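Common to both upcoming complexes is chain A, partnered first by chain B, then by chain C.
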Partner chain A sequence: MNRRNFLKLIAGFLPAVALVRGQNAGESHKSYVMVVDVNKCIGCGKCVVACKVENDVPMDFKLSRTWIEGYAVKEKIPIEESDVKKEVLSTSKNPFLDKSWIETTRGRKTFYVPKLCNHCANAPCVNVCPVYARFYTKDGVVLLDKETCIGCKYCIVACPYGATFTHPEQKVTDKCTFCYHRIKRGLKPACVLACPTGARVFGDVNDENSEVSRLVKENRVAVLKPEWGTFPRVLYIGLDSYVVE
Partner chain B sequence: MILGLGFAVLVYLILFFYVFGLSPMVTGSSQAKWVEMELSLEPKFSDTEICKECHYQLYIGMKNHSKVSCEACHGSGVEHTIKRTSDTIVKDRTRDFCLNCHLDVGGRDAVKTVNETHHPGIYCVVCHDPHK
Partner chain C sequence: MKKIEFIFGSALLLLILVGALGILQMHTHPVMPIEPFESAEGIPWRLLVALYVFFVVSTTGFCIIISLGEVFGFTKLEPILKECMLMALVTILVGLMTIALDLEQVMRGYFAIAGHVNTTSIMFWMIMLYVLYVIFLIVEIWFYFYDDLIKQREERGLRGLVARVLTIPKASETKDFAKVIGFVTVFTAIIANSNLGALFGVNYIPLWHDPLLPVHFVLSAIVSGAALSVIGVYITDFARGVKIEGERYEAIQMLRVILGFSIVVMIFFTAWKFVTKAYPNSTLLSREAALPFINGEFAFNFWVMEVAVGLLLPLILLAAPQIGRRAEGVFAASLLTVTGIFFLRIDHVMGGLALKLITGMSFPSPVYHPFEIMATIGFFALTILLYYVVYKLMPMEVGE
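Up next, the complex of A and B:
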């Protein structure tokens, strides 16, 4: 094959490649986002229990796909470590109902921050996975292929939010999937459904009429650890980012 | 020596093409398979719209808890929608169950709260109907 024929062959391929790429670009995909209103969260733990029931995570296991962090802050600029008291709810037992926590919150500004996998648009766990077990779906959800996962725990080290953990029975890593099997059936994720105050709202931001679009438009939203450049899909309203790690 | 070198190069090339071009992880076929597996999981929580079909009177009479999903208090309901027996759903009438949300803990501005001095030891449902 001389050079002329080779170039002709390449030129023949180019329109085909352009056609395929054009088809992909023309498809409009959903862009799922969760908006969490910190002012509305009361720390009841219904979301944690619902998530564990829906996704087969052991109830007594200290780690969870979603958990609630309670912060009790002295009403001044927190300088010392003792100014901020922190408690974590991750099982069916609620530590926020204990007498010790109630006494801690007296005279302090208290708020509860629900946390889960942030489904980052630039996810560190996807970047470090050596066997390509973590991947993005077309609608932006970060999923974990448990058959390919070898349990090396690189993702646990890489995740700045601590949202991934080793499942005690399956011995591979586990994380929130935004209840992918539910949202594709048109249902809400289990934690959103179980939230009694409507602190968690889930939906498609590409849809102009959805509630998340309205919330993002009307409120100032913040993300956790923006300095990591992960571009999370979990947005917080009323987040005290001075205190929350 | 040439045979050995050729064999080494062959092994290297096969490994190279498998790891970076042909393995199911790179081509994404294992990921597509996993998405299908994820979609085949059955939900355990249903929806208020489905509860409404049988319990319509309770649904329209609700005022204070009208924005709360049924399964927030009653637990996962898919089994109940199939068997339709009272033992497949959570019906907790105890005081502790109500106080899980309504106890006077700091930071609960979104709900009405009571503390332990409010008729201690008596079940809340004696006076307050949660479905009204």
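Up next, the complex of A and C:
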């Protein structure tokens, strides 16, 4: 290759690099969050099933990227452990429709709290991973490189939300990605799409016209376990105090 | 090979095979799928991680005992240093093998060396420090054994061959070098060990999150190292048909003092750890983490195995003059201590993870899968077999 050809190559290459960098720079303005309205969740579990189908998560009770916790509170200020009854929905079989759940929760305040990876801005799983298999995207999503993960399970231990698990077939850890493959194409995450009541809303909080921006402005939002300083990207409307704890 | 050695070796190989089968089953079938804590009961780090901690903390203990004898002037320990060095090497190698085989993707371990690493991860530093420790330990052992290896060169057979290969590089003033390297090794071992303590310092797990945990790890390393040294030396001499007396008896008595003193400090550490965590005005999570040990699922492990078997009974045996002055008495106390330490590791790893995160959540009880138990037995058998092989090949009895 002579000098002229080399310069041509460089001249052709630089605008392409600038374009890619420009695209990335544009994307970095986005800041994805999910707003969950606890008052709207009816515990139907459609989000759980949609997530499992979309993301190839086994239909196993113990393995879920997202799940719903049902709470039934006896007193206004629960003191004893038995004052709060908790059940978990993470498969298509809905325990909230079970006769025993209905019987034991009669007369109590009941509500459902959908949970998933919080995509923390200061994510413990990213900090502890020895091989950088966990990383942040420019728009704030915490992703997992399954080709790099060595399966040490430190991220499972470090996550205060219990949002990570080991995929039994892939032999690496797995968690919610906000359906990153969908949102990059302008689609909604599977759980958001499946929710019949609109309890889950996803979007760019930096976009003032987005629904999440409006919800954050108009409502008091809370995050789970704020005391650990993880700065979650999953925001809750109408969350009871002891769920936050 | 004597008949008894053949039977002993075959039995160990059989147990290793059982362990290998356990590991194979764990990796080829999802026998213990790990689940999100809050959506189901589950403990991600289990028996093999506890076993790893047991081995690597023990190796630090050996290293501390070696350095006391070699570097810090506890000359009474010199007659048993060779055994301690081999046991330190064997335990670290088996320990690293344990944690490697607990990884879901063990073949990707090369990331740790290939540069795809996260330097903010304590686990990365754990790997680096233990690899460094192994290198230093091997160099220290080589220097320490060099003079005896020279003598062993004259022997025929495998022992002679090993000695001739190991003495290809030439060295002089090896004992002085061994001292210097010994200091570096123990320094690395203590840093690696306290780093392991820091690895468990996950802030939302109140049983683990404790600034004294790294110090506690070093302290328990001394307990573990002293007790395992006694066990190793006693069994070695028993197998050789030699009565423990003279200098080796004095060494055992020195270990008795070290063990007794470190057990007393350990009792204080354990007591105050749980008093501060279970105190009525501690945080809710802190109390919930401590109560399973006091009167919950881990109460038997804690009160019986850790406290009674691991701390109080050995202390009584060591302190009682008629028992403590006999090598058998120190051996029995050490055996009890190591049993307690093993349960301490299990309780620390699994008990730390099995806490209620949210009021109303059911408590995961400590259950051990048969494959885990098989693997654990296999790793113990491998440790004994490796020690036996290395002992046979190295110049342990030259000059005696």
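Heads up, the rule we're going with is that the second predicted complex is superposed on the first by the 213 of 245 C-alpha atoms of A that agree within 3 Å, B and C clash if a C-alpha of one lies under 4 Å from a C-alpha of the other, contacts with A are read in each partner's own complex, and residues count from 1 in each chain.
We adopt the following convention: a residue touches a chain if its C-beta (ideal position, glycine included) is under 8 Å from a C-beta of that chain, and two chains touch if they have at least 3 such contacts.
This structure is a prediction, so every number in the text was calculated from the model and none was measured.
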| item | value |
| --- | --- |
| Touching partner for A:L63 - first (chain B), second (chain C), both, neither | second |
| First (chain B), second (chain C), both or neither touched by A:F178 | neither |
| Touched partner set for A:T148, first chain B, second chain C, both or neither | both |
| Contacts of A:R106 with chain B and chain C, given as first, second, both or neither | first |
| Contacts of A:Y32 with chain B and chain C, given as first, second, both or neither | neither |
| First, second, both or neither for A:V243, with chain B first and chain C second | second |
| Contacts of A:K115 with chain B and chain C, given as first, second, both or neither | second |
| Partner chain(s) touched by A:Y132 [first = chain B, second = chain C, both, neither] | both |
| Partner chain in contact with A:F202 - chain B first, chain C second, else both or neither | neither |
| Contact residues of chain A, present in both the chain B and the chain C interface | 131-132, 148 |
| Complex contacts: residues of chain A adjacent to chain B | 39-46, 50, 53-54, 70, 72, 94, 96-97, 101-102, 105-106, 108-112, 131-133, 135, 137, 143, 145-148, 177, 179-182, 184-185, 187-188, 190, 193-199 |
| Partner chain A, residues of chain B touching it in the complex | 25-26, 28, 30-31, 33-35, 38-45, 47, 65, 67-69, 71-73, 75-76, 99-101, 103-111 |
| Residue numbers on chain C that touch chain A, as the complex places them | 27, 30, 33-40, 42, 44-45, 103-106, 108-109, 111-112, 116-118, 120-124, 127, 199, 202-205, 284, 353, 357-361 |
| Chain C contact footprint on chain A (complex, rising order) | 60-64, 67, 69, 71, 78, 81, 84-86, 88, 90, 115, 124, 127-132, 148-154, 156-158, 160-166, 168-169, 171-173, 225, 228, 242-243, 245 |
